[in-house]
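The block underneath contains the structure these notes are about, expressed in structure tokens.
To keep things simple, chains are lettered A, B, C and D as they appear, and every chain counts its residues starting from 1.
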Amino acid sequence: MMSDNGYYGQYGGSYIPEILYTSQQQVQQAFDEARNDPAFIQALEQQWQQYSGRPTPLTFCANLTEHFGGAQIYLKREDLNHSGAHKMNNVIGQGLLVKRMGKKRVIAETGAGQHGIATALVAARLGLECTIYMGAKDVARQYPNVFWMRQLGATVIPVTTGSQTLRDALDEALRDWSGSYADSHYLIGTSCGCAPFPEMVSFFQSVIGREVRQQSQAQFGALPDRLYACVGGGSNACGLFLPFMDEAQVEKVGVEAGGKGMALGEHSIRLSHDLGQPGIAQGFASIFLQDNQGQLQETHSIAAGLDYVGVSPIIAHLAEQGQLRMTYASDQDVVDACTLLLRKEGIIPALESSHALAAAFREAGTLSPQQRIVINLSGRGDKDIFNVARAVQDAEFPQFLRSYLREYPDNLQLASDAGQGRAV
Amino acid sequence: MMSDNGYYGQYGGSYIPEILYTSQQQVQQAFDEARNDPAFIQALEQQWQQYSGRPTPLTFCANLTEHFGGAQIYLKREDLNHSGAHKMNNVIGQGLLVKRMGKKRVIAETGAGQHGIATALVAARLGLECTIYMGAKDVARQYPNVFWMRQLGATVIPVTTGSQTLRDALDEALRDWSGSYADSHYLIGTSCGCAPFPEMVSFFQSVIGREVRQQSQAQFGALPDRLYACVGGGSNACGLFLPFMDEAQVEKVGVEAGGKGMALGEHSIRLSHDLGQPGIAQGFASIFLQDNQGQLQETHSIAAGLDYVGVSPIIAHLAEQGQLRMTYASDQDVVDACTLLLRKEGIIPALESSHALAAAFREAGTLSPQQRIVINLSGRGDKDIFNVARAVQDAEFPQFLRSYLREYPDNLQLASDAGQGRAV
Amino acid sequence: MPTLSEFIRARSQALQTSERLPLLAMTHVIYGYPTVEASLAWMRRLLEQGIELLEVQFPFSDPVADGPTIVAACHRAVENQPQMQLCLQQLGQLQRDFPQSRILLMGYLNPFYRYGLTRLVQDAAAQGIAGLIIPDLPMERAGQFRRDCTDHGVEPIWLVTPATPAERLASIARQATGMLYCVSRSGVTGQKDGAQQALADYLSTIRQHTDAPLAVGFGIRRRVQVEALVGQADIAIVGSALLEAYNAGGQEAGLALLASLGII
Amino acid sequence: MPTLSEFIRARSQALQTSERLPLLAMTHVIYGYPTVEASLAWMRRLLEQGIELLEVQFPFSDPVADGPTIVAACHRAVENQPQMQLCLQQLGQLQRDFPQSRILLMGYLNPFYRYGLTRLVQDAAAQGIAGLIIPDLPMERAGQFRRDCTDHGVEPIWLVTPATPAERLASIARQATGMLYCVSRSGVTGQKDGAQQALADYLSTIRQHTDAPLAVGFGIRRRVQVEALVGQADIAIVGSALLEAYNAGGQEAGLALLASLGII
């Protein structure tokens, strides 16, 4: 979807400190050129295929379909991307753009760590320096991802300000960029941020929806009747939905994180139920969860990738226009949906993606067996073992961890017990 | 590669308790029919593509190539399969065969847990009951995999006899099969076991090498000069090598686990250096690590999937015939190779696959820039975080685990401290 | 009442003949930090010292253009739940109590946006606030805001930086009225002639395009940095350093810093 | 010296008129468990009690056809590093000391294979061992082995199971000479008539194809199970149950079990 000069209705735009003006313009210009350069598109498609394994398949789920007795259920398998999530589509695109711009370093923010890992992977592959900002709380909660980022050669900087989560990491990344724009690119991980990021990220993610169109025609000779995607920042949803915007008969359903309840701080529902309000922050205009003074608020989701305080201006606009329907799923619904997919189809979904599953499962039975729905499985769930084990209250997992800890090299245990940080 | 009535030279065959004769024959017959049934092949290819995401790409590694200054280095990306390893190719094939035979249950052994997860995934998808045997030591070491198997609905049985590892799990699975053959299929995870398993597993894995042939022609207009694969049981090696057996000019290199040293028990080198001897055990004739009385011995590798005591009769035969060259890589070489791939190409390899990398890296610089090598990246490495973190002596990982444990629901901690096992 | 630039020019004139360095002092205080009361007391104290320009930052949860000290203080201030309306009233009272100084309200867009930008300008004007600084509002998107400012006699204060392209810098500078906020990221240590030269070039380029007073902020923390500005700019902005001094030793330490800089 | 089947037939004859149930006892002992000495002492004790057939299992690290009790004992025995050559010699000594009984050597293929199958047959023959049981050597692959056995006068003992297809069962049974080892997995409780009938059918089918003595093992642990075999088989094999009794209470408990079963 092309923006109107960076705007989607009243949302979008570029509200950034003056110091970033030049870099922002540079990205805008580089992207405008690249998207129209067949050589760039060819290189992009080659990396998508040869590095990330695209196209990802469209998987028919016979057992689930039978279980709900309604629509035929298909999954778009973004979990099979290199790195295990759709994030890879975007980082490959922006990574190639960085090379094109001749910059040597990328900065990224990450919440769950998925975008951080994807960025670190691509940075390694393209020979770019890489600095990842991550809320200190997220570093603590998602350390396995931090570990891999560091192994990949990235510098991970825990952000100790504010709520110490994604939002603060984003602020800090912007601050870094303000000082390093000359040689650094800010590689935003979702379709948020100042123009042209929402449009650019969506452009790179739209490969998802384009493939779904082709695969639907090839596998069942029609377009799907309904599409489901979870909405964190909105990039996987944009990627799935945008190539279908001309088809009003294909219903698009965005699913937000319902978390633990409807009180502010317990969820990350920005669009459904009008829980968020228009705002302008972190570089763009959109709907944000904020108080009456315009202060952004804390959010919650069982899926670390969905607890963002804002949302893509593209999604905000389309929702406002009624071109997509927003709904949400609670933490509990999500664990149930995850378990059901595991048992019925032998696929381990990310908890983020399980939001889309939960909403689709709620509705599948009300559709007719002639209808077909496609759920975007934005990522795989093995990364979520720490969360899922806790959610299902597995008793052996802590036992395993304890015995692992007992065997860990001794000196390191002491060092880390004393909180002395990294030894390497 | 077609066997001579289950034999490859002096290796292979079917040496099983009489009670399994009928089931073995049944598998043999079902496989012989299925492999010649276009409908079966079509269903197989469909699941490979739509469920597991095949074809997996062939990735050119520009940075590594430059780094070594020798041959052009390509990776066959089996890590991008559903479940993260080549194991999926085989379990899909045998899973479909089980449906064809009308059986309702599968049994499998697993060491690292990769084959166990792959089997549990496919069993869930095909609606089969699933029992996984796993050495009690492996259960303790590889609990995250056990967790997912159970979440997938599989019954995981820790085997407490013998060395409590893969070998014992295999024995126990055979025992289960002896009592349950009427409705159960023993879904062997590598190209070992009684006929027709080595041939069947290799048949299903040969999709790897077939794709490499096509992709080589498409991407660089020639066949590769050299192929590398790690050799545990031998299935990923068979899968890569067999479609190239008519091409003597394509050198095939199998890489075993050199472990910590050359003393018995410190490695899992069965073929290189003649450390193993001919034997007949676990249903087939091959080369095994054994003492002078024919007792099978304990093995070691940093990669849990490579510490098998025997080896595929196909690999044993080809090595004996000089049709492939066997070498090995030590635990330390493997960690280094893993790290190098991470940093240079942004790909996280399984420690198993890192053996193939290590051997290829050793040799790449001695080849000319006109030559091309393909290394089979049999699996991805995120599953190995517990091993890699320990190997690189990361100081924050134990810190993360401790704080995670502190927040784990209390009652469960107590239950598990008391060693009371599963709560669910 | 004189316009902001008239005010600044008059005070600059007066300073030429004073003991102080001939630069106006613009000091930065975060409303609500560490508490609303304490921040107001600190502002009052600064105004009593004759500070010409008081920059009051309305705190925001996500102050992306600020450095760590100010970020931390903003987060703390947000916890005190600052209210825009009350803030404007309290600043109005200060302005009335200290007619010899001018108060500028600085803040990120979202709290202003939620309050209503037009309403903000109206209320700020009613309270006698001289100017508004919004670092994340680009001039291109500020048409209505600028009209409102003109209508109500409040100065919109724009920023330029060393990274601002020449043409854009010229355009912004040309449109500056009350003052132009010149950010210098390069910093000036006084030792490095090269850096000093770069600052001089930067400011003289700006000067070519505008007669508006120039305010310069680049982490001023030593007198030699202020001295380097004499003759090239009109206003020295003291932000983070003042906050750090305040954090370390309260109002007294803050004032001591300003005295050591030669601007009170 | 009589052949194995002649020996069995003669002893069966004799038992018809004894106090004991008219079935030969075949008791199973693992060489090297819990130690080599203890296992030899236990064999000797059994032979002293008049056990007709002693089945000695040479332990293997991977005994895939055995249940948990025997598996655990084999693993323990392997730790004692049993040597094939010594084992054969020691069994030979036993055979010489107890000429009224027969010793059968059972084991998985690999230790025999490493020793050399031909050499094994030769050495077993030299030591007077009457038969060899190798559960994982299929008859199809045993051409040379059978010729060696014939040449040296050692009986290869084949197994059949309820799962063995009719034709194959017939073929194996027809080729059986010394005895046929009939595994019954279904178990016989004595209570369930259906199961008892199934066993009877199984054995009578086998009997149609061979005159060789039939040995039956299916986890015998109660007298009623042995009684059920009378008239249908020649030999009752006591394996796991004997090992369990031995584990629980040593030789005495083992003998007590055999007595309670009516076969000593």
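Brief remarks follow.
One rule holds for everything that comes next: a contact is a pair of C-beta atoms (placed from the backbone, for glycine too) under 8 Å apart; a residue touches a chain by one contact, two chains touch by 3 or more.
For clarity, every value in this text was computed on a predicted model and none was experimentally measured.
Distance between chain centres (mean CA atoms), chain A to chain D: 66 Å. Per-chain Cα centroids separate chain A from chain C by 38 Å. Taking each chain's centre as the mean of its C-alpha atoms, chain C lies 99 Å from chain D.
Chain C has no residue in contact with two or more other chains.
Multi-chain contact residues of chain A, defined as those touching 2 or more other chains: none present. Viewed as a contact network, the protein chains form an open path, each link joining two chains that touch.
By the definition given earlier, chain contacts exist for A-B, A-C, B-D. Those residues of chain B whose C-beta lies close enough to touch chain D in the complex are 13-23, 25, 161-162, 167-168, 170-171, 174-175, 178-179, 181, 277-283, 288, 290-297.
Within the complex formed with chain A, the residues of chain B that make contact are 49-53, 56-60, 63, 77, 80-82, 84, 120-127, 140, 143-144, 146-148, 151-153, 219, 339, 342-348, 382-383, 385-386, 388-390, 392-405, 407-409, 412-413, 415-417, 419-424. On the chain C side of its complex with chain A, the touching residues are 60-68, 71-72, 75, 78, 81-84, 108-115, 135-138, 141, 158-161, 163-165, 168, 183, 185.
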